[in-house]
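Letters A, B, C and D name the chains as they come in the text, with residue numbers starting at 1 for each one.
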Amino acid sequence: MLRLVVRRLLQLIPTLLGLSVLLFLWLDRLPGGPASAILGEKATEAEVARINRALGLDQPVYVQYWRFLKRIAELDLGTSTQTGQPVWDEFVLRFPATVELSLLAILIAVAVGVPLGYFAARKRGGWLDVTAVSGSLVGICIPVFFLALILKGVFAVELGIFPSYGRQDTGIDATSVTGFAVLDGVLTGEFDASWDAITHLILPSIALASIPLAVIVRMTRASVLEVQDEDYVRTAEAKGLKRSVVRGRHVLRNAMLPVVTAVGLLTGSLLSGAVLTESVFAFGGIGSFIRQAIDARDYPVLVGFIMFIALVYVLINLLVDLAYSLIDPRVRVH
Amino acid sequence: MSLLTVDELTVTFGGRGRKESRAVDGVSFEVDQGQVVGLVGESGCGKSVTSLALMGLLPDKGVTVGGRAEFDGTDLFTMSRSARRDLRGSKMAMIFQDPLSSLNPVVPVGVQVTEILERHRGMKGEAARKEAAHLLDRVGIPDPTRRLKEYPHQLSGGMRQRALIAMAVACAPRMLIADEPTTALDVTIQAQILELLKELVDQEGTALLMITHDLGVVAGLCDQVNVLYAGRVVESAGRRELFAHPTHPYAHGLLGSIPRLDAPRGEPLSPIRGSINDRIAWADGCAFAPRCDRYEMGCLTGTPQLTEPRAAGHQVRCVNPVLDDAKAEEVTA
Amino acid sequence: MRIIKSRAARAITAAVAVGLIATGCSSERDNKSKDGGEKDTFVFAGAGDPGSLDPALASDGETFRVTRQAFEALLEHESGGTKLVGGLAETWSSNDKGTVWTFNLRKGVKFHDGEAFNAAAVCANYDHWFNWTGTYQSSAVSYYWQTIMGGFAKNEDKETPEANYKSCTAKDEHTAVIEVKEPSANLPGGFSLNALAIHSPKAIEEYKKQDASAKGDAITYPKYSQEAGTVAGTGPYKIVKWNKGNKEVTLERFDDYWGEKAKIKNLVFRTIDTEEGRRQALQAGDIDGYDLVAPADVETLKKEGYVVPTRGVFNLFYVGMSQEANKALKKKEVRQAIAQSIDKENLVKTQLPEGGKVADQFMPDTIAGYSKNVKKYPFDTAAAKNLLKKAGEEKLKVTFCYPTEVTRPYMPAPQDLFELMKADLEKAGITVTPKAMKWAPDYIDATEAGSCDLHMLGWTGDFNDGYNFIGTWFAGYDKQWGFKDKKVFDAVNAGSKMGKAEERVAAYQKANEVIMDYLPGVPVSSSPPAIAFAKNVNPPNVSPLTQEVFSEASFK
Amino acid sequence: MSVATKTDKIQRLAELTAVKETSTGASLWREALRRLRHSKMAIVGAVIIALFLVLAIVGPYVAPYSPTAQTWRNEVFPNRGEFVGARGENWFGLDHLGRDVFSRMLVGARQTLLVGVVATLIGLIIGFLIGGVSGAAATLGGDAGKRVDSVIMRFIDMMLALPSLLLAVSIAAVMGQSLTTVMIAVGVVQIPVFARLLRGAMLAQGGADYVLAARSLGVRKRRIVVSQIVPNSLSPVIVQATLSLATAIIEAAALSYLGLGNPDPAIPEWGVMLTQAQRFFDNAPMMAVYPAVGIIITALGFTLLGEAMREALDPKLKG
C-alpha cells in the first residue's frame, strides 16, 4: 500500500517536469505579453517593451525556464501579472471554491446517479429505465453553459430561490478560516454562513453535475446488468438467499467496482466544466481564473496552476486506486 | 414413490423478437431417496438447462418451462416464488461447474458460507461462524478458521469447489444437483471431489443428480443413468446394464469413443461423426439420425418412442437399436 | 412587428429547465430572507476586480470606481458634469504661461486615519510620486503620473519620458504651489485625476517602507495596496475590507467627512464579469446597481421598473485605418468611401444605448474644442462606390479586425457593431476579411502596431480637455494610423502648449477641422455606458466621465 | 436396400438438416449489425443523423433567404430589447442584426457538421497513430517496447491532466482565432481518448491465443499487429469516434461561448448563433432555443448511435 503511494509520487516528478517544459514551450509561442493586457488602449510599443524588460520576458525561453526551476526549488510559484499577487496566494484564494463546487457536483452525480442506474438496470426496459437512459443521454448532449444559463434564468432570476452568482451573500461577513466557505461556517459556528454558501453552490454544482451524472447513471446500469448474469449471483440465488442480500451483497457490491473508477476520472475532468459554470455564475474559482490568466498572458499563474492541476489529477487517480484496492480484494497490494 | 419425478420437461428460449429454440425437449426421469442419478450427454444437449430449470434459476424473461417436476410430492413449477426460495439451498442444493466464477470475488468465503446458515438455519454471529468452520473442515479444507477470512482468489481450485460443496450441504439438503462439478478441476482433484460427494451422499442419504459428459464419473458414481441427446432422454438404464449393453446408437457411440483397457490391442476407437449442431427436430424424427450409421426412413417419421427392447427398466428411444453387440461393433467399425 | 414578451421567455426557460434538470435538481429552498430589516448596505457590481487600493498605482476604471469613493484630488469635475471644480483645493490659479499652479486648500479636512489635510500633505504626495524608483517607474504602475507629469527625479530607464514636474511647495498651511517645467494641455485637468488623489502623509510614510518589486516574472504590487488598513484618503467612504476570494471591496461611511456625509452606511463593490451575470444579479435582488449595462438590457430593465439613468457622452468610438498596412488607404478617396459607406445612424439607432450620438469628429460634443463646422461625410453607398471607382479601387480588399470577449464603454457589443459595418462596406463593393482577436493582448498589440487595415477602437476621456482626445492619436506619427502629415500634427499640437484655456479651445476646434479634412479614420459614435440601479434606489448623479460619487446614493 | 431408397433417404435428411445451418456461426460484426437493426436507440440515432446530413447537404440550397444579409436590420432594436419573432416571411423570426434565423439554421447545419467531423478526424487519426504505436510496442516490443509505451502513456496522461477546455482555449490563444483553430482545438482534446482506447484494446488482444499462436508460428511482428491485433481492436475506436462527433459539436459550441468561435460571425454556425443569442435570452429566448435545440438533438443523434453500437459490439451485453 505505502509502496504504491511512494512509487506514484515519485513517478509524479518526471511528469511534472515534462509538463513544465511543454508549458514553457507553449508560453513561448503565445503572442503578446502581459504588458498590453495591463495597459489596454493605453499601451504603446515603448511602454510594452519597457514592462516586458522589467519582467525579464525579453530573455530567451530557456533562461526563463531556468529561473522558473530555481524559483520552484525555493517553493516560490512566482507572482501573477494580473493581480500582482503571489501565485500561491491567488491559488489559496480560489482553489477552495472550485473544490467545493466539484465535490458537491460529484456528490449529486453519485447520490442521484447510482440509485437511478441501479433501478434502471433492475427494471430493464421499464419506464424508469427508458427515462433514465434517455435522460442521461440528453444530459450529455446539453452544452454545460446553456444548462447553467437556463438554471440561473429560472431558479435565480425568475423564481429567486437561489442566488444568481458568487460564493457568498454580501450581507454575511463570514470569517474565513480555511477558505472553504461551507466548512468555515461550521468551524466558526456561523451556520447561516454555511447555509448561505451552500445555496450559492447548488445551481452551479447542478449544472456541473449534469455530465458526470449522466455517465454514472449509464455506467451503473451497464455494470449491474453485467453482474446480474454472473455465476456467483446464480450461486447466491441457488442458496435461496433473500432478495435484499443477493442484490446488496452480491450484485451491487460488485457492480460498484467500475463505477468507483469512473467517479475518480470524472472528478479529475470536472475542471473543464468548471471553467464554463464558474464564468456563468461569476463563481470565483480556479477555472475562471485560469481562463483570465490565458487571456492576460499571466504566465506565472498559468504555469503554477496547470502544474498544480496536474498534481491534483494524479493524486485523485492515486486515491481511486487506493479506494479500488480497498473494495476489490483481488487488486489489494500486499 | 420417488423424491423427484421429472415428466416431459421442456424449456424453450426465445421470444422477444428472436426465433425460438428448444433446449430441453421432453425430458423425463426419476430420482429416488439417496439414489445417485446421472444425466449424461455432450455439451449442448440440455443437461445444465434441465438442472437450472429444476432449481428455478432460469431467467423469468424469454424462457418458458413446460411439463411437470414433482419434488417430495409438490410440483416445483406451480409453487410460489418465495416457497421456491425457501426450498433452494435448504432442501434442494446445487453445485456449479466453475468454482472460481461461482464464488463472489469480493466477499470473504466465510460470509458466503454463513449467509446460507443465517438464511435457512437461523444461525447468527459466532454460532454461524463455528458451524461454517465445521462445514469447511467437513469438506476437507485444512485450517478452516483462517480460510473463512480469505477471499476466493486466495483459495486453490480444489478448495473453492470444496467450499461450494460445503455451502451446498450446509443445510443437509434432501437432494443435491451437481452440474459438472469436476470438469474445471485437474484429475487428482477430480477424484477427491467425487470421493467427497460419494461419502456425503452415503452419510446423509442425500439424493444426487449428477450432470456430466464424463462417462468415467458416471461409472464411478451413478446408480441410474439417463443419456440425453438434443434435449431428450434417448436411453435410461442402471449403470451396469448400460455399460454392458449400450443400446441406443448414440450411447453405443459414446461408449465406443472412450478408450478401454480391456479392448483388444490395435482396435481403433470409434468416434461419433459430426457435432450436436447437425441434428433435426425431434418432431421430424430422431435428432441423432444425421450422425447415425443405422438410420433409415423409419427414423425420419415422427418422434421415436421409448421402448424396452432389451430388458425391463432399460428404456431406449430408437427405431433401429443396437441389439446384437457383435453386429454393433461391426457397424460402428 | 411583434415583440416577444419576456413572459414567453419565462415560460420557455421554465419548460426547458424542468425538462433538462429532471435528473439533477434537488429542490432545496433558501429560507434566509434577503435584506431583511433596515437596509444600510449598498452593493454595486463592476465588471472587473480593482487592481489596487492605491489609485496612484492604477490606470483602469474598475479601480478608480472604488478608490474615487475614498480618495479626493485637488480638483474634481462637477457632480454629474464635465466642468472642472474645486476638490480639496477650493480655488486654483496659474501664471499666464501655465507652469506655476497655486491651490488654496479647503480647511478642516481630515484623513481617514485622523491626520489633518494641509499643503504639506499635498506636497508629500507629489514628492512621493516624483521620487518613485524601481518598478514604480514602470508605466504599468505609474501610468497617469507619467502621462501628466512625465518622468521621475531619477529616471532608471532611458525610454522613460523626461520629468515635467518641478516642485511642490507649501506656501502656508493652506496654500500649495506646484511648478512644472513646460506648460501642458494635461493641466489643470490632470490635477483632477483620482490617480493623483491626496493620501494621508502618515500613509505615505508607510507606503515608502514598501516597494513594488519586479521579482519573479511579474510586478508585485506593494502589500499596502492589496489590503485595507494602510491606505487613507479624505473621501466620504473609507475602505475597510477587500475580500478577494469573494471579489468584493467593502467601504464604510467616514463620519468626519468635510462635505455632505454619505447617506448609506456601507458600500460594497463586487465583481461580476459577464453582462448578463450583472443583470440577473440585479433582477434577483442580489445587488443594488451595476455598471456597463448591455444596451439590449436597458429597455428591459426600464420596463421592469429599474432605475436606468442616462449618462452624458464623454467617449468616442472610431474605425481606425492603418495606411501602412494597406497602401490603398493612402488615397483620400478610399478613406472617404469607407467613411461614407458606413451607416452610422443605423448603428446608433439599433445598437447603442439611449443617449448615443453619431460622431462627426474625433471628439464628443461635450468636450471644449468640439467644432460645429467640420467636413461631414454622410452615409451614401452610391457615392462611396463612385469614389472607389475614381481611386481605381473598385476591387478594394481590406482586413478588418475586431476584439472579442470585451465590452468597452464606447463599444458595447464589438462583434455586432463589426458585423453591421462589415455588411455596409460589402454593400459598397469592398471585400472584407474579418480578423477576430482577444481584446488583450492580441487585439491591443495588433491595432497599436497598425497590422490591421481597419480596426475599431475608442477612447474615454480622463478629464475635460480636447488634447486628451486628439492628442492621444494625432500628436505625431503613430503606427496605429501609419501616416505622417505635418499639417495635422501641427494643428493638434498647437493647442497643447497654450496656457490659457480659451485659446486652447479655439486651437482644438481648428485642429478638429484639419483632422476631418484629412480623414485619418472614421469617427463613428459617442455612447454613454449605461448604468442601472435597483427600483428602491435614488441613484447618485451619473457622470459622463463615469465618475459617480456613491455618497450621493440613497434608498427610497 | 435399393439405391432409390438410399438416395431419397439422404435427400430427406439433407433438407431436414439444412434448416439448422442458418443459425450457426455469425461473425461478431454480423451479429452486431443484426442487434443494431433491432435496437430502438440505433434507429432513432440513425434517423436523426440522416436528417442532419440531409440538412447539411441541401440546407444552403433550400434556405429561403441569404443567411448573412441583414435585410431587416431596421426592424430589430437590440439596444431596446425589441426583436422580431416567428412570422410569415421569417418562420423562426429575425436575429439581432435583422437576419433570417430559419435560413441561418439551415445553412448553419453544414458548418456545424464540418467542425464536428474534421475535429473528430484530427483526434481520431493522431490518437490512432499514438495509441497504435504505444500498443504495438507494449504487446510485441519486449522490455524496450514497454519502456516506449510507458513514456508515451505518461505523455498522454499529461494531456489528460489538462482540463480539455483549457487545452482548447490555449491552443486557440497560440494559433489565433479561426475556424481551423476551433477544429484543431477540439480535435486535440480527443487525441488522448482515442490513443488510450486503441492501446487498451490492443493490449487485450495482445494476450489473445491467436496472437500467441501466430507468434509461435513465427509470423512477423509487424504483420501480426497490422493484420491481426489492430483490426480486432477497432470496434471500440469506431464507437468512440461516433460518440466523439457529439462531444466535438458540443465542445465547439463551448469554445464559441468562450469567444473563440468562427472569426466571421456572419457565417452561421449553431454554436456561434447560440452564443450570440444567449445575450438576448430575456427578450428573444427563441433566438437561442433554435440553435441550442439543434445542437442538442444532433449531438443526441450521434450519442444514441454510438451507444447502440457499443452495446451491440459488447458481447457481455448480449440478449
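Here, contacts are C-beta pairs under 8 Å (C-beta built on N, C-alpha and C of every residue); 3 or more make two chains touch, one makes a residue touch a chain.
Quick caveat, the model's predicted, so the values are computed rather than measured.
Of all chains, C has its CA centroid at the greatest distance from the CA centroid of chain B.
With centres computed from CA atoms alone, A is the chain lying nearest the middle of all the protein shown. Computed from the mean C-alpha positions, the centre of chain C lies at a distance of 47 Å from the centre of chain D.
Rounded to whole angstrom, the centroid-to-centroid distance between chain A and chain D, based on C-alpha atoms, equals 25 Å.
Centroids of chain A and chain C (each the mean of its C-alpha atoms) stand 37 Å apart.
Inter-chain spacing, taken between the CA centroids of chain B and chain C, is 90 Å.
Residue positions 31, 138, 142, 149, 153, 279, 295 of chain A each touch two or more of the other chains. Among all residues of chain D, those that touch two or more other chains are 173, 176, 258, 278, 281-282. Shown for chain C are the residues in touch with two or more other chains, namely 9, 13, 16, 276, 405, 438, 442.
Listing the residues of chain A that touch chain B in their complex gives 230-232, 234-242, 245, 249-250, 253-254, 257, 327-330. For chain C in complex with chain D, the residues that touch the partner chain are 1-4, 6, 8-9, 12-13, 16, 275-276, 279, 294-300, 303, 346, 349-354, 356, 404-405, 412-413, 415-416, 418-420, 422-423, 434-438, 442.
Listing the residues of chain A that touch chain C in their complex gives 31-51, 53-57, 64, 67-68, 71, 76, 78-81, 83-86, 93-94, 96-97, 108, 112, 116, 131-132, 135-136, 138-139, 142, 147, 149-158, 160-171, 173, 176, 179, 192, 195-196, 198-199, 202, 206, 209-210, 213-214, 217, 279-282, 284, 288, 295-300. By the touch rule above, chain D contacts chain A in their complex via residues 154-155, 157-158, 160-166, 169-170, 173-174, 176, 246, 250, 253-254, 257-258, 274, 278, 281-282, 288, 292, 295-297, 299-300, 303-304, 307, 316-317.
Residues 68-70, 73-85, 87, 93, 96-97, 173, 176-177, 258-260, 263-266, 276, 278-286, 289 of chain D touch chain C in their complex.
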